[in-house]
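Take a look at the structures below.
Next come two complexes built around chain A: one with chain B, the other with chain C.
And now, the complex of A and B:
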């Protein structure tokens, strides 16, 4: 869907490239997360995709079309790509309605199509459209503004979204909620998304695919599981941090390690230690600790399919660390 | 010099009005022309292609205000002679700087993230200028216009020295004939003109100010 081919960017007045020979591909319907420390070039990559920055060399293709061509009008290109930034950048002198309708109006949609679309979008991102539609950005909370920012990016239903630390400006609780809601939305929308963050936890949570960058170079890319189990070098290991195993538990489904042969004892059942087969293993661990038990019952819907005990989790940890 | 109340009132009521009207023209025409020049020029100077000329152009505007209008009239005397036109010309040059400087400051004050987002959703440079940058910089621009108007109101009194008329004629008559009533009356009317124009522009400013800045 999105392909970058040997992209270089050297900013005028500098000699060190901000982005060096970066090539990768984002598949349709995937969230690709770019992660790395400040100045690693992740935001530059994003801005090269919608041509807010022109690359020094290299090509960018979207749906097979070379968009880095001089003939492609960058303004028109950007109207086809949703763009969300950390500072949100709502127009302060326009109402929520006018902000969300920005791109449809630039694309000259008829007004009778815009009105219902704005309402639909606001409801979709979890805002009460009747309440906020005529408000100005300064009358909203940070979380609400960020939702409006997402609604604005989605307005013209672009197949591609670029999101630069979209949930970076809100507190951790609101951030977690926005992430969950966005993932739920994404399940229906199936947009192709490039997502920038400096937070590896956010990357693991949001990403189908993770691209790790450092000093303008692509260090490693792969699924969250691949990154966690096979970090390419010490830089990636440091980035993941010391709680790698815990993060792995979050990526493994309980159904993968459930012991289907063990008989479920009445005592366990009484303790209310149940989890769903779709829950991550970390959930099993949490449930054990909360109920002071060393075994949990795994259910698939209403059916009990087996148990996970402390030993099973330990075995998994040993196996995952052994792979690394 | 005695101060006679009767003469003062007569100066105010009978003598001043026609001069006040001329004075108003000596303020409004230069400020409007100065706005039509300084505003677009300042907007151009914030565009990437023209940024490099900013210093040079602003030096010119600065000179316009530091050189006394009388000196400008003297320099242009061979071309424009005496009377209304040279006065208007000199006052226009004088009024340019505050408008140009505030337009520059206003446009530079538009938050970076708003511009970034506006570009990011696909606004062209022109759309961004008309829908984002100019509306958001209006309060600062209008503050510049206000400074120009108040400055020009006072300076326009010098217009009478070159035959341009205005309230200066009343004041200089008072000086020439030792009539303090005329000097005070002329000064008061100029003050009133400055205050009234200031209020009017404040009203226009309020109408142009984006809602989130009205507080």
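And now, the complex of A and C:
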């Protein structure tokens, strides 16, 4: 869907490239997360994709079409690509409604189509549309602004979204909620997304595919599981941090290690700790700790399908560390 | 009772000394009307052309940065020329001579510095992420100028316009020396005849015009400026 081929970017007046020989591909309907320390070139890559800046060399293809061609009008290209900028960048002199309707109005949608669309979007990103629609950005909290920023990028239903640290300006609890909500949305929207973060945990949580960058270069790319189990070098290991096994628990579904032994299930029936089969194993561990229990019941919908005990989790950790 | 009469005495003295200009205005009302109307129309003419010219120049130099310093230089030089000599220079130009055209041209040149500078400052005050967001959404440079930069610059542009209007109303009095029959004439003649009433009448009427125009511009500014930009006032 999106392909970058040997892209270089050297900013005028600098000698060190901000982006160096970067090539990758983002598949349709996937979230590709770019992660790396501040200044490693993540924002630069997004701005190259929607041609806010021109690469020094290399090509960019979207749906097989070379968009780095001079004939492609960059303004028109950008209207087809949702962009959530790092600094949010809501227009302070415009209401929430006018901010969200920006791209549809540029695309000359009829007003009777824009009105309901704005309401729909605000509700979709978890805002009370009646409450916020006529407010100005300065009247919103940081979390609300970020939601409006996401709604604005989604407004014209672009197939591609570029999201630059979209949940960066809020506290960790709100961030977690925004991430969950966005993943739920994405299940329905199936957009092709380039997502930038400097937080490896966010990358693992949000990414179908992760691209790790350092000093303008692509260090490693792969699925979260591949990155965690086969870090390419010390840089990646350091980035992942010491709690690699715990992170792996987050990537394994409970259904994969559930013990379907009905006898054990009978014994634990009284207890109040349940998780869903789709929850990560991490959730099983958290539920255990919260309830001071060493066993949880796993449900698939209403049906109880089995249990996970502390021993099962320990076995998984041993197996995963063995793999690494 | 001596106390009361001394107060009355003091009041009537005060009136003669300082408020005698009211009598003057009442006595010479036809002339006052004529001079005020002339003053007003000169200021309005100057502001009309200044707005068109200097806002355009301000926008131009915010786009072509290289011209900015040149424009500021010219504006500053014009601004520091004493007004009486600037008027004087214009009347020596053939075709212009004594009269309204020379007066208006000189005043328009005075308006350059405060107006061009504020338009430029206003446009430049829009922070980078907001422009970047506009570009990122697919707005053309023109749309960014008219839908983001100018609307966001209004408070600073208006500050420039309001300072200019007050300033021009004041300096317009000097145009009386090159044939304008405006309120400056009262001040000029008042000085020549050592008549405080005339001087004060001229000065007060000039101030009233300035305050009135500033007030009207303030109202227009409130209408035009987005409430989203008025947060400081609202919160305090």
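One rule holds in what follows: the second predicted complex is superposed on the first by the 319 of 324 C-alpha atoms of A that agree within 3 Å, B and C clash if a C-alpha of one lies under 4 Å from a C-alpha of the other, contacts with A are read in each partner's own complex, and residues count from 1 in each chain.
One rule holds for everything that comes next: a contact is a pair of C-beta atoms (placed from the backbone, for glycine too) under 8 Å apart; a residue touches a chain by one contact, two chains touch by 3 or more.
Just so it is clear, the model here is predicted, and its values are computed rather than measured.
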item	value
Simultaneous placement of chain C and chain B on chain A, clash or fit	clash
A:121 touches, of chain B and chain C: first, second, both or neither?	neither
Partner chain in contact with A:91 - chain B first, chain C second, else both or neither	both
Chain B versus chain C as contact partner of A:145, first or second or both or neither	neither
Chain B versus chain C as contact partner of A:320, first or second or both or neither	neither
Chain C-contacting residues of chain A that also contact chain B	50, 52, 75-80, 83, 85, 87-93, 102-103, 106, 136-138, 152
Residues of chain B defined as touching chain A within the complex	111, 113-124, 127, 131-132, 135-136, 210-213
In the complex, chain A residues that touch chain C	50, 52, 75-80, 83, 85-95, 102-103, 106, 136-138, 152
Interfacial residue positions of chain C with respect to chain A in the complex	129-130, 132-140, 143, 148, 151-152, 226-229, 231
Parts of chain A lying in touch with chain B, wherever the complex brings them together	50, 52, 75-80, 83, 85, 87-93, 102-103, 106, 136-138, 149, 152-153, 162
